[in-house]
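Some notes on the structure that comes next.
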């Protein structure tokens, strides 16, 4: 299994398959379960300063087997209460990345400091949730604000900082550059893509919040394009996210430039067995292509002639 | 993937509970639940209280807050959105089963009891409610039950007290393959305590906040389990190992709060 | 069939289902065939100043039944040669909208004048092709350039001008506002979403050009979200595009705010019969919801309480 | 939706033509084509010259430009991408069929001739090439043909001249249900002219630029038709009505240019 281990900004994960933020991550028990299931690491639900219920139901809409629209609205117990969840996950051996969201650079920095206390191995800044008013893509779409937030967090903590970017932009490369220049140690991409589902019978948007974020296989080509572009623009490692459900999907992200990947929506259908299947399949793919370490595969597609 | 259905029949079961029947073709196993969308309002989980193929499916709603109230006020012809069914189900085996239902919990149990009866098992039933008028599906279950015993908190019918008081004697009177239960957690944990010395396995249906219902969002966390996917039916072995069972649940925000 | 007829900026179409630009529209014969098949109108392939071969093959990659990635690279015979194709389509009775693309405002204006001579009923400005170097989204992503192009074209022609926008932006509403303020008579949305497919075996991007544009069912939620947002920001009519393959899809676009829709990728599987199926189905839906004209349905979802 | 396959066998058929065999499970009808991707190079349409289920499928490539040359230089074990099969096919009926192939056009005809023979039809063949060495599938077709006649432009084998000269006499000698042809358009139009007085229907397989191959991009326009979806096989009735047939094709840019 050593072939599968990977490093993201100084942090080693036993395999590159991380639990994506917002999936199973509201409780420490679920994070621990993902670890037992074989996740290389687990990213927490995005945590804010205050207890937040999120949007009312309906919060998800399944679109065939190829896509999911969600507007959870960042429910979370709040940083203060969440520390105990992380402690539980860490006690069971999980390598935990703490995801946080805030309304401005100061809030991010304060949260980052609190999150650092919990013993997470890295911070992921959710700069990109497309459906939270005043938060999320309102922050993440503007390189100047990305710079400000990342810089403030870097000044506040010693942990590696991953900037999670939105695909709802014309130039994700520019956002990645801004993050890198501000000191981000890694780039996570992508978050969900803004979308809407309308019920033709009642003529209402299906999700209570209206707009939602698209995830699942439908966004894999979008995520791959983003990772490819980011790889061309920055030197820091990339964590690839979006529509990964097979070992091949993950391999494509790696050769496009990702050093690790996060798995989200696919866990709905894949359940407990998915992490094991992904690792076993990727191990075979790396071997098939003659890569003796995962690192050799990272960005390999850029080098094919 | 949400199907809009027309309410075909509305049955007032008790002062606080109403059954809505509707056609929804997806097959369902006894104990599974659906997510019910009230357009313009919320979406909530409801056990299928009628699940047979061919006949209209049904949910039986107890008024808890605004959405459940809204549901009980719907009329024939009104539309609701259904997705699912989700989750696991009560066992499909056992020759003699004791069904212990409290309040609206009987909604999930009735189709399971009927399915067991239909395949030839003997089903005994212990049914509890606050008061006689709130006894859900008493007549429906009497049709299939070998033995049906009733309790009410106010003594207006059957045993005066909690349904759990019926369980001990019933378990002692015959050899059961399993106990199936749904109701308040404190009730279910007492049922388990009663069954334990006799080594009769207990299967209890649990409730936690449901948002996605498809094993993603973690809203329905119960220890290491997700009620929407690993449940709603759990064995006593699973439940007894849980710090939260009977004690804690999660708020809409994922905060751990007392049950 | 009168219930289906619709108006976009003073131009009436017998039904709201227009052939999307780039689908079947390289030749007049194909435009005429779409008209005979029942299209309410036909939008031409995007035409430029010079003869252009486009990118080498592979130019398309099918992703399940839910998505298509393409990088045609705007092949077209050039405006001078294309006029004869439009003449042929018009002779057969088609209501033709002329799509053009250019490198700057001046080129757009020149092309617009030439296109106006061919007798098209409206112009669609392709401000949004995500995979043409120096063209496309390089132009369409910036409100200032959108303003410049639309203004130049409006000064050059008397025809109604439709600005076709890219979803590869953080705020399509701002682009729509810019277009409206510059005089655009309608907004078309959306073009394809930037994406990439990599073949895991050869480790190469599948499309010869590398990046492509995602279309088909996968982008319907994205297109619907864009149309909804645009409807909230501008007064001019909207032509909805993206993933439409059923009457319900079209209806959702109409109640989200579109006055007409364009159909693209679905024609691959749907073929000749699709336009008829869509019209018949939409007629039933309008009747079912008690709309006696299509206009009543436009934006209806915004008004549901 | 593109399947990468390994070249399993390489057969040099003629000085300018090579057959590549590979396993590709999708079923195909005689006359259908696939899109063949040479990784790192172009993707081009090729008729399936072997299409039987169970045995490796095959394409037979004539060197035209860089991609076809690249294909003919591949070795066993090299990988190509395949998608399809696309388009329609030669008829699956007719008791006596005349097959008229010119040059690499015979690649599309051979599987159709074999399929007809396999279902009991009599198949006669007129085969033409520039020179004897370029006669494609002569031996393969001889195995199934009732009558096989050959022509070469240089007279090195069979009739000295064009294959079209064979068609008139063959058509006159028996009652054919259909003529199937593939080759240069000028050849196909002469075959149609010969068959017309006898009212024998002619089916010709056409070539135009293929990009999407899935009925979207219009690159393969032929009058109102798309060769990728409405063809590649057209009847003489369809083709005779077309201004472009035998005269014009479309460039990569969609420009109308002489054939």
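First chain written, first letter: the chains are A, B, C and D, and each begins at residue 1.
As a working rule, a contact is a pair of C-beta atoms (placed from the backbone, for glycine too) under 8 Å apart; a residue touches a chain by one contact, two chains touch by 3 or more.
Computed from a predicted structure; not experimentally measured.
Taking contact as defined at the start, I'd like the list of chains shared as neighbours by chain A and chain C.
The shared contacts of chain A and chain C amount to nothing, since no chain touches both.
Apart from chain C, how do the chains cluster through contacts, with nothing moved?
No chain C: A, B | D.
Based only on mean CA positions, could you tell me how far chain A sits from chain D in angstrom?
Whole-Å distance between the two chain centres: 51.
Using mean C-alpha positions as chain centres, tell me how far chain C is from chain D in Å, no decimals.
37
Going by the touch rule set out above, which residues of chain B reach two or more other chains?
40
Would you mind listing the residues of chain A that make contact with two or more other chains?
In chain A, the residues touching two or more other chains are 63-64, 202, 204, 304.
In graph terms, with chains as vertices and touches as edges, which category applies: line, ring, star, complete, or other?
The chain contacts form an open line.
Run through the chains and report each pair that touches.
A-B, A-C, C-D
Where on chain C does chain A make contact in their complex?
Against chain A, chain C makes touches at 63-64, 66-67, 69, 137, 141, 166, 168-171, 193-198, 200, 202-205, 210-212, 214, 217-219, 221-222, 224-225, 228, 248, 251-252, 255-256, 285, 289, 300-301, 304.
Touching chain A in the complex: which residues of chain B?
Those residues of chain B that touch chain A are 1-2, 4, 35, 37, 39-40, 42-44, 79, 81, 83, 210-219, 221, 223-224, 226, 229, 250-256.
Which chain C residues qualify as touching chain D in the complex?
Going through chain C, the ones touching chain D are 22-27, 29-30, 32-33, 45, 51-54, 56-64, 68, 70, 72, 75-78, 81, 199, 201-202, 204, 206, 208, 264-265, 267-268, 271.
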